[in-house]
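Chain nomenclature is as follows: A, B, C and D, assigned in order of appearance, with residue numbering initiated at 1 for each chain independently.
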């Protein structure tokens, strides 16, 4: 049993190193987590510790209600957001939060990212949504948990595995996936897609999202039972 | 005979490493191919394999009708696009497809890249065209081959060796050349030209393409029998 | 006593290397300083010396009136600006001046940077102000000192530790903090925030600053007595 | 005598490596030269040779009339432009031509770069001018020499050492200075200034150039007999 949690700690550490090395997070502006659904244990970054000082042992293990499962470091202040997402989105196994710059610009502009092309369609089956602004009461109260609730509200009617990212208004992005490694890839592609969409609009303010047929074709050639991208599983 | 195909495999591998190292492709977002016209054999990337895991032997060898010539890995899902181009453009020897970001922005905006300056004119004898959108039927059918057909239709009246690149609408670019190495160079210059043209328009929305005389002068000082750029061939 | 000044020289050297390595300054376009309040000694870069040629011993030590405390190299031409700030802002311990590009664009545009999101709110408790233009007389006179005075005037009613940066109109930024190391971090975040805000406006020219409640929440979760970000001090 | 020319060959080689390493030139898209005024000899890049294959010996030595002084490689096709500048601007010792991207965008937009701030004023005493378009006859004739003539015409009334750069319309920049090393620095700063000015206009389309007093103050604190930037000459 310890072995699995140990592996998860290493995966979460690798995710933090990846978001730093790929330019998605500076200082301590990002955090990643992963969940062991059987044990109900979430592994997450300790608050305020620089990436280069992280080790598997320093990762914080929490229960789904936010109580510490082991260790003594304080978890990321964004932990309550992660927990809300793990509770609401039963199929996800990892979450990555960064302040990557182009995604932040969309979040600050309060605009969802339209699906302008196949790069986007390969990863997100539709626009990347932006949450509603929190009320003053929500900000003054359990702010980080309320952030999570605003995401869950925004995803009513959206399958989180088909649209594995969100823009939190005036803040930044959260990305997720079956594993934390996939959430990291999603965060990197989101940033790329955010840059491309920004420049698309600069070149053509009336640019249209791609047709539904093309969106489906691209998303489904990579995902689901009829996928034909990559090598057959062995 | 094997030696030539072997050399082609190494060239195609080098092209993949180059598009990755020069920032034109992340993950598996790009593919390159080359053709041995005498043997009718096309060498292309295997689908979904990361660049750092590629070897010459893992490259897929296909016939011009898309049947496997050797090996067992599945070829890039974009193979049918490459094959249509090799059949239609008899003089080209290599093709590179990337999702490089500035070129994608133009493709997503549905705008051709005007020839605003001599950097562009040194490589492309006129604007870089954008294809028409595919019909729903085309998307639902042989999508990748139909993508190739849309490129060929767009090039009616254009010499593909004088304009060795295209923007596929809502998708990304395909570049080509006498060799796959030249196609890689073309892909890198296209991205540079796409960035410069984007910023030109931001500075002057009414910017005019360069005059025909200057376009000819620059293209022809590098290409054709009166070229005077570089060292004389020995 | 010498030990402390020696440590300060090394800190100021490290600050210069950091602004260079993080892409905030090229050539000799930036300078940093730190103050020993007890001794009234300011350590600052020598004028015109490239970063890679700096050593702790080459740093210039000055008194708060600008007279040389030791050494023979001429101090940075911006020294008088630093001195005005140290005299006016009693709590600051270090200053960093760079021409980082996005911040310069805002300074040249004559616009303050609105607080569009939580990245900004984590570091700056409100917009980053821009100074008024200097008069011709101010430019012709003690130009560098007058630059400092224009900053101090602009900060009437603003706590410099809550908004530890300014844009000098038509020039560039000055950042500060309790230590020069914190001023460097502030300079890097300012540049990031300047890029994000620039792109926010491009996506939404009517973008609104974040609500006061969210601004307070983010600034205060990192600063002051109720901060809950990071690990508890031991 | 050979020693001096040898030193010049090494300086010109270093200039080429610098423009490549600093991201100002890809492939063979830039060239640099230097002149020995006493001997009337210009050292310039051989045409079409990649930067990493250059050696001091491969540099081409020409007389001011364009005839080869030694060696057998063909000089850069832009040599005639350089020669016109050396003949017209008697005080310059080195020239650098690159297609650095932001400067190209201004050249393609047909706009001079206004002096929006002190970074610009430290290097260029006024806007960076853009040439008039060449006539069809000029393009069809001695194109590269005519490019040089268009620069010289544009500089009537401008001191080339006070404004050591130009944008050739629809093409790119030429920079110069007392030495080729200073011309390289000028080319790098021009690119930086071009980016900053582009973003300034995006943030404020009505942005004003800096006042004459501030322009003079900054240019003259670095240049001329009353300069007080840097260390006194020893």
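Couple of notes before you dig in:
In this section, a residue touches a chain if its C-beta (ideal position, glycine included) is under 8 Å from a C-beta of that chain, and two chains touch if they have at least 3 such contacts.
All values reported here derive from a predicted model rather than from experimental measurement.
Path length between subunit B and subunit C in the chain contact graph, taken as the least number of steps between touching chains: 2. Under half of the residue numbers at the interface between copies subunit C and subunit D are found on both sides, making the touching surfaces mostly different. The centroid of the Cα atoms in subunit A and the matching centroid in subunit D are 47 Å apart. Note: centroid distance subunit A to subunit C, computed from Cα atoms, is 33 Å.
Annotation for subunit D: residues 202 touch two or more other chains. All chain pairs that touch, listed by label, are A-B, A-C, B-D, C-D. Of all residues in subunit D, only 116-119, 185, 188-189, 192, 195-197, 199-200, 202-204, 207-208, 210-211, 213-214, 217, 221, 228-232 touch subunit C in the complex they form.
Across the complex, subunit C meets subunit D through its residues 26-29, 46-49, 73-74, 77, 99, 101-102, 104-111, 133-134, 136, 139-140, 143, 170-172, 198, 201-202.
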